[in-house]
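Labels for the chains are A, B, C and D, by order of writing; each one numbers its residues from 1.
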Amino acid sequence: MSNSFGRIFKITTFGESHGKAIGVIIDGCPSGVNLDEAFIQSELDRRKPGQSKITTQRKELDTFEIQSGVFEGKSTGTPISIVIHNKDQKSKDYDHIKSAYRPSHADYTYQEKYGIRDYRGGGRSSARETAARVAAGAIAKLVLNKLNISCQAYVSAVGNIELKANYNALDLSKTESNIVRCPDEALAETMIAEIDAVRKQGDTIGGIVDCVIQGVPVGLGEPVFGKLHAELGAAMLGINAVKGFEYGSGFDGTKMKGSEHNDLFFTEAGEVKTKTNYSGGIQGGISNGEDIYFRVGFKPVATIMKSQESIDQKGDSTDVTGRGRHDPCVVPRAVPIVEAMAALVIVDFYLLNKMYLT
Amino acid sequence: MSNSFGRIFKITTFGESHGKAIGVIIDGCPSGVNLDEAFIQSELDRRKPGQSKITTQRKELDTFEIQSGVFEGKSTGTPISIVIHNKDQKSKDYDHIKSAYRPSHADYTYQEKYGIRDYRGGGRSSARETAARVAAGAIAKLVLNKLNISCQAYVSAVGNIELKANYNALDLSKTESNIVRCPDEALAETMIAEIDAVRKQGDTIGGIVDCVIQGVPVGLGEPVFGKLHAELGAAMLGINAVKGFEYGSGFDGTKMKGSEHNDLFFTEAGEVKTKTNYSGGIQGGISNGEDIYFRVGFKPVATIMKSQESIDQKGDSTDVTGRGRHDPCVVPRAVPIVEAMAALVIVDFYLLNKMYLT
Amino acid sequence: MSNSFGRIFKITTFGESHGKAIGVIIDGCPSGVNLDEAFIQSELDRRKPGQSKITTQRKELDTFEIQSGVFEGKSTGTPISIVIHNKDQKSKDYDHIKSAYRPSHADYTYQEKYGIRDYRGGGRSSARETAARVAAGAIAKLVLNKLNISCQAYVSAVGNIELKANYNALDLSKTESNIVRCPDEALAETMIAEIDAVRKQGDTIGGIVDCVIQGVPVGLGEPVFGKLHAELGAAMLGINAVKGFEYGSGFDGTKMKGSEHNDLFFTEAGEVKTKTNYSGGIQGGISNGEDIYFRVGFKPVATIMKSQESIDQKGDSTDVTGRGRHDPCVVPRAVPIVEAMAALVIVDFYLLNKMYLT
Amino acid sequence: MSNSFGRIFKITTFGESHGKAIGVIIDGCPSGVNLDEAFIQSELDRRKPGQSKITTQRKELDTFEIQSGVFEGKSTGTPISIVIHNKDQKSKDYDHIKSAYRPSHADYTYQEKYGIRDYRGGGRSSARETAARVAAGAIAKLVLNKLNISCQAYVSAVGNIELKANYNALDLSKTESNIVRCPDEALAETMIAEIDAVRKQGDTIGGIVDCVIQGVPVGLGEPVFGKLHAELGAAMLGINAVKGFEYGSGFDGTKMKGSEHNDLFFTEAGEVKTKTNYSGGIQGGISNGEDIYFRVGFKPVATIMKSQESIDQKGDSTDVTGRGRHDPCVVPRAVPIVEAMAALVIVDFYLLNKMYLT
């Protein structure tokens, strides 16, 4: 259950970390979209393992194949199936957890829920599954491009190293200029050094990804249980390792007074705008035309290269030490995942909103 | 669209602030549940307006009627319809916003999305709708009671006044002993004074509600897009005025190292436990048997008794000053709403998880 | 579960035959629709009990109240809640089946499935629930009227008395001119006499309702599992007492050869048409612009005024004789129900199809 | 949209007749099921093209690969992805319909709905897609086998050649003993001769498939819109070329009186049974423990080897003559498809019904 996401532009993903393949079916993509394969690959490349010294060294090219739903390069309105074959599994790296539970991983909960688990690389609970989302998100972006809607994410914190500036004080075109994906290049260097230091300790560190969505028309989002920010929140909280989500003023907004927090309306060149944007572009769950922005908090990766106390399937004490190839910090690779999920939400609500057209 | 919530235990709400009635249909409640009407009313009473000096003075008794799905006091497995008739509408209080948009309300977005809006009391966008959720949540709690699962929320911050202690250092039985619903009675007094002061200024203030769910069995939650915390997040973000959600270590967890953050497993009297609980009772999106806890951030109420610049439907400048009866701070009344939504999520996943039984 | 129908224009019904009320929430009705209450009532009147000598004599006016989703007479895009209070329950008529199972009713299956049942009038399994569908269907028809789409049903058979003519050889404006709702007035008299004769025997009889939908644009229906005729079929098979559904050439088409059955395309005044219409207006699950027509078979009502062998809840033998007020034949009152369900399907697919607009 | 089927045991199919592959994701299969690949293949073999002289001569082995959701031969509870690569496409056979519409095919409706179509072999509208359903249905059958539930279909009519006997007067073990899949071997010969004669004429013929489901426990099916027979009907009407569905007494039941049609309850060895079974094993939409049986009517295949008048995309007159390899009658190959869809419905409702367990 629940391997699907979206109402109209609906994706269903499959696959395990060390299985034959991972992939996605997109059901509900409008017809006539140019399925630009180079673009889809470039998005997958931003997420793929082994892309830099601060990511896992697993080597997966993450090349993909579109198996259906395309004719002469364009979407036909039928399901688009995308498959990515796994190539560089080293399942032996996981023999030691065949019957032991890694702390703060999903080993124990999967075993208890299903009575069986594919322990190799975490099986279905591995973040490798997110490659399928990035592929689907790339197609969502292709639809949004035609509508002049953009989704841009970037790393705003690694541990205690925080980017204080708001997105509109940054040059987001620089996000991809460094391996940590922070648009402040000086701070990026500090972040990279921190991740590297943590990695050398055999440890890991958390971080924060910010995202801004621009060009969204007024009216996307559904009351009461389909509020735009609630869906964005669910999308982000569904990404591996995410512990928190806030949009607009977020938790800081809880300390403000209404007279400070309210976004005053005015008109400029016939267009309705707000003087401030604590609402984060969403009012009453519906987009108001201003920029939508939000923050996503990621915990430190659970796999560390240190010995930790744990138990095995029988309940006996054991020690677990991380092996294999792992990320010391997920946020650099999380940037395209956050964008992909954001794009999927926006496309879906855009299509859903068409029912109100007359 | 999207006025429904849940997969198996599914609710659909209806109604506007100043319409004839609000209500809910619960489809999927198991049969044989004692529908304790006194308990349902007591939950509605915790949310109802006019309950204390720090809430809106609108007088609604929020008495309800069960119209279906019950036979000789027990649920029959068919839809349970609950209706609450509106009594104390003062729609004249809203004449001034017939064509003007209140800042940071949903007036503008509803008008743009639907081309029509019930301006009286905010119509469907009013938090009055949450009474329907509390009624449904009360029935969810009745199911959970039989399973020894509890959902307890409380106010942990009003503006800058913050409760620093964790839930397990508090006596949650004291939450209902004061009108702000903070289990630390001394701090509660400070919070009440703050809300009162803000109210006298004609202003409003934000705050935070914490919630803890205890007794949840291992195994609730669905990978990949139905993670238990993602659904809790969507449920909370769907409550009016919510700006942020975090569970377990939350945003603080982003600053931690893996070696600090990992929850080590051990066995006690044959039961699997973790030494710490930064995971917040959920690993890989699935409950692990530990306490589930999370925080929900609420912005300050948008309606203030001060004049604010805005525009009208034609786009012309105008001033809007709040009239009518409003809450200076939503968190005291949000406590039962947070509990209700939490209970709805847990019941739903409990029922969904039965498909794995052999 | 499963008291909802539709994807975009989605209804959820509630209520039992002898409970306080029955009703429906419509979620997803476009905004700006004039909710013509006189029309809605006229549709309910076509279905209501006691309307003629050949229907049950239970007296229900089936007056309704719209509780939400309307402002100044128009739909607002928020959920429309409609309630119909039960008035003329005579629950004593059902005391004899408190613990006995009526043959070919749902008494036994409900008791086994839920462990409890509201035996009064059949509870939720009563066709009284269809009043809620007719109310919702009336609003669907109001939307379709603006699109020049009509749904017209009529009785084409009562027992062995069959109307041989196809719909396009009939004057459908005469359907409402007689109490059995057959547009062939001479045959209508024979049908009425047959129902009356059966009623006097304390027996019941089955029949067939035909329906034609005209004005549907090309393109409604979704491959693969949302074929237009599959949804129509599910809608019709969900009506109480229905045993069969066929569209276009139906079961007769199974005896034909391809060369006879194929509908040849031609163009007339720039419009694509087919010479015959064995396809019933649907090809590959998608409307082709021709008339959509189908047939729905209803079994004889299970409640008869004769003694029948049966068992009670303990499994002991008992006799059951019908009491109370019942229809000797459902088809006259089924006509507006068939139309309502057809209208709900068409509106839903019309809205769904908008996602393909560019 | 709508390429998914089922609520809990949910399948999503993809693929076109002449694309790279077709396949299915099964989301919601319980864990621990032995995924017997030989059995899955044997089911695919029953449906595959080229299996006998009375089917299409397209040569597809329909070998499949399970890409996920399996570990050491057992289902893990995560999505099971199955892919079948297309091998024997002869797309040139379809060049003549690149811009022409074949009568009674989906060419015209797809073109109008989507503005683009994969004309090769009918693209997504081809019955080749049903191989994916048969693969998923095979896994559903593996689950049902453990519950002693069987789904058996057979050909009961080819054109005017009809099998008059009811299923319980037949030896269904003989269904697979002949290429037309009719358990009456003498009649089977007549049917085969008829199909062969029609094929030689370049024509096609319709037929009927009957199905019986045995061993279903009491209680499957959901009121009001999820009635078991309504879901079976939707499942069958979603199969290519189906024009009608009836269950139990079906359309014949419309001619009966209540006193004839009612199924009287009695108890045998503590088990509740009915003397007759006109209800077809379903009462009030819920299974009553008796055999479930239904009939599915298929139209003649639209592709014939004769010249037919039609139009092209511009609306100009043209002639279309079938080329390529086609079935003269679909019912022999429809038998496993009907069984697969029946199995999918029953498994889904079986899992859904678990929510009522205490």
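Following the convention adopted for this analysis, a contact is a pair of C-beta atoms (placed from the backbone, for glycine too) under 8 Å apart; a residue touches a chain by one contact, two chains touch by 3 or more.
Everything quoted here is computed from the prediction, not taken from an experiment.
**Q** From subunit B, count the fewest steps through touching chains until subunit D is reached.
**A** Steps on the shortest route: 1.
**Q** Have a look at C-D versus B-C and report the one with more C-beta pairs in contact.
**A** Most contacts of the two pairs: C-D.
**Q** Find the geometric centre of each of subunit C and subunit D from their Cα atoms only, then give the gap between the two centres in Å, rounded to an integer.
**A** The computed centroid separation for subunit C versus subunit D comes out at 26 Å.
**Q** CA centre of subunit A versus CA centre of subunit C: separation in Å?
**A** 46
**Q** Between subunit B and subunit C, tell me the centre distance in angstrom, where each centre is the average of that chain's C-alpha atoms.
**A** Chain centroid spacing, subunit B to subunit C, equals 39 Å.
**Q** Give me the residue numbers in subunit B that touch at least two other chains, ranges are fine.
**A** 1-4, 8, 13, 28, 31-32, 77-78, 113-115, 124, 223, 352, 355-356, 358
**Q** Spell out the part of subunit D that touches subunit C in their complex, as residue ranges.
**A** Residues 1-5, 7, 13, 101, 103-106, 108-110, 112-115, 124-125, 129, 157, 159-160, 198, 203-208, 218-219, 221-227, 229-231, 233-234, 237-238, 243-251, 253-267, 270, 272, 274, 278-280, 283-288, 297-304, 306, 308-311, 315-317, 352-353, 355-356.
**Q** Where on subunit D does subunit B make contact in their complex?
**A** Per the touch definition, subunit D meets subunit B at residues 8, 28, 30-32, 77-78, 223, 351-352, 354-358.
**Q** If we count contacts the way the header does, which residues on subunit D are in touch with subunit A in the complex?
**A** Per the touch definition, subunit D meets subunit A at residues 1-4, 8, 10, 12-16, 19-23, 25, 27-28, 31-32, 65-71, 74, 76-81, 83, 113-118, 123-124.
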